[in-house]
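After this come two complexes, each holding subunit A, first together with subunit B and then together with subunit C.
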Partner chain A sequence: MKKTAIKFVMCAGLLGAAAWGATSHARYSVSAAAAENGATQVKIDNFSFEPKEITVSAGTQVTWVNADDVPHTVVSNDNKFKSKALDTDDRFSFTFAQPGTYEYFCSVHPKMTARVIVK
Partner chain B sequence: MKGFLGTQASFATDLNLVIQLAMGIALIAGTFLARAKRYKAHGACQASVLILNLVMIAVVMWPHFTTLVLPRIPARLARTSVAVPTVHGILGAVAEMLGLYIVLAAGTDVLPKAWRFTRWKLWMRIEMALWGIVLGTGFGTYLVWYIGPHR
Partner chain C sequence: MGDFIKRNLDGDGVDRRGFLKCMAWAGTGAFCVIQGGVLKSFSMSDMARMSKSDKANMKGELSFVQISDSHIGFDKPANPDVTATLREAIAKINALPEPPAFILHTGDLSHLSKASEFDTLDQALKSLRTDKIFYVPGEHDVLNDNGQQFHERFGKDSKGDGWYSFDQKGTHFIGLVNVMNLKAGGLGSLGHDQLEWIEDDVKNLKASTPIVVFAHIPLWSVYPQWGWGTDDSEQALGYLKRFGSVTVLNGHIHQTMQKVEGNVVFHTAMSTAFPQPQPGTAPSPGPMKVPAEKLRSVLGITNVNFVRGKHTLAVVDSPLDGPSVTSQFHLGQPDFDSAMAGS
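Moving on to the complex of A and B:
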């Protein structure tokens, strides 16, 4: 019993240290790709949308492609569009009929945000 | 809703991680209660963790597993992002069920005598070891899914 308890205390310590290290590591800022006006494809890679901002004309179809190993979603802040969980190489498209600024995010990783500006 | 641990995870996922670590510590504390022969407190401590874990499974882990992992099995099982949560899910289910069985067998009269184990310490130690592995694979899942780099 004593040995088991010692093993679990050691295990918890290791987990705690790993958690601390992991969160420290995660504080890096993900570099955003430069905005490319007119682009109709948004790549999802390394926990970010690239480009983070695109400007398109009304009626343009924008396609998101997931290049990450983990699933992502594309969800607009005002629920105007919402994809299912996109696996690696999966695509989601939406046609922007009305001008405006459309902010969106990944519901699995809410810090992943970007926008589409429709003129 | 954004998380609070500085990773890519959501608030619910971060909260789940913190609660899981706290529950791991509570289980270890519970073993010391048994060692001190405070069996009622030991039972209450371990049973509380099991019940809280059931809530976390229902609210956070099961919905994530069914929408994000299950559809990728078996096609993507070779990938770390699928393999780790799959192992975590399977072992976690076994640990939770074994834990509930131990609570029912050791702490209540619900089960018939023939269904109760007699080697208490052995099974409780197996449960603790299993829980430790599940905690580790759960943390591994968090690392792969919300921290990366994953390729």
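Moving on to the complex of A and C:
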């Protein structure tokens, strides 16, 4: 089951790279895949969180990494977590202990919205 | 003078052809002249070719320069040396035939709100030959500390989160902050307190008073998909409806665009740091890399000249390198002052 999920994410990532038509994005194409240790990464690229929605199990640490040339933030809509401004390649991590749906956005570019679903 | 863009603001006041022509010039610097409510914009190369009488016609009662989006600290391929291009913009301003009364900086002084970035900007702007520089913050100036540092250094006399107004030669200037407390999914925001302050700030002004509003994020809907707009700008502009001449100057989108709506002229300035793509032409509004030899044609300054008695506003967008673009706006209501005075 897990293998299938990884495949799907990889596929989505590659499709995304193709859609943008930029080879420079290809190197990030698998970064959203869930790693074996249960950690999960969300890429911030082209003013969007990728993937826009992820589902993880309780206790998972999610790490955001900024691949853009401009700073972004990761801020929970109800202040459950909040990063500093992340410059290019900066990272922010948060461990989701409790199940629930966590909506978040970039407070610098608030059109950038996404969510983490914790089961 | 063939490149002049002239508009007669009758009907809805929008000259689509002129607007498109300005769009074609996206990314050039501007020189603006406000003459009693008419916006005029001249290219720098036009100005060089102008006769004496042309220059006299263009000379306004009040001339000032807008610069924007210096992004000091940015060092990516779109422009590895933003301090150098800021210095070139300063040299351009210092070389203007008419020294500007003051400078408006419409935000994103810094890239990451770092003290060292503000220091560099501050030092560079000290070489400007002008009496005064007015600032409003961009979203890059209020990272991590809710704008505290910006406020202490560049907005000491302001109110609330940094808004203020002042008068120059009969024109009322309003500096607004629309980069704070942004809500998920939203655009730029002025907020309740600031809106109340605007209403109060203008309530005792005569309708004939020319108004210039400046803020970082556009106060008109340029391209909401990229966040290029302000959620509650309509309410703010509602308080300005009764005025015969309203000029709105913004930055944020790193390219020139303009629009006329009734008596309101909206204009955005180039960045001094790096260009951004035209709306919807790229996956995101991120910094746009252009060939090195083209960079200085898409960075620049905006010069505004305001001649009250003649109801003319002229805006000249001047790139660091290349031809400038002039826009001139006429209200088409010569009796506006007398008709509206005291209303």
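Rule of thumb we're sticking to: the second predicted complex is superposed on the first by the 80 of 119 C-alpha atoms of A that agree within 3 Å, B and C clash if a C-alpha of one lies under 4 Å from a C-alpha of the other, contacts with A are read in each partner's own complex, and residues count from 1 in each chain.
The criterion applied here is as follows: a contact is a pair of C-beta atoms (placed from the backbone, for glycine too) under 8 Å apart; a residue touches a chain by one contact, two chains touch by 3 or more.
Since we're looking at a predicted model, the values are computed, not measured.
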Looking at the overlay, does A:Phe47 come into contact with subunit B only (first), subunit C only (second), both, or neither?
both
Subunit B versus subunit C as contact partner of A:Asn77, first or second or both or neither:
second
Answer with first, second, both or neither: which of subunit B and subunit C does A:Asp68 touch in the superposed model?
both
Comparing subunit B against subunit C, which has contacts with more of the residues in subunit A?
B
State whether A:Glu103 touches subunit B only (first), subunit C only (second), both chains, or neither.
second
Common interface residues of subunit A with subunit B and subunit C?
22, 46-47, 68-71, 85, 87-88, 107-111
Name, in rising order, each residue of subunit B that touches subunit A in their complex.
1-3, 5-11, 17, 21, 24-25, 27-28, 31-32, 34-35, 67-68, 71-72, 76, 79-81, 121, 125, 128-129, 132, 135-136, 139, 142-151
Residues of subunit A defined as touching subunit C within the complex
20, 22, 46-48, 68-71, 73, 75, 77, 84-85, 87-88, 103-105, 107-111, 113
What does subunit C use to touch subunit A in their complex?
74, 76-78, 111-113, 139-140, 143-144, 182-187, 224-227, 283-287
Partner subunit B, residues of subunit A touching it in the complex
1-2, 4-5, 7-9, 11-12, 15-16, 18-19, 22-23, 25-27, 46-47, 68-71, 85, 87-88, 107-112
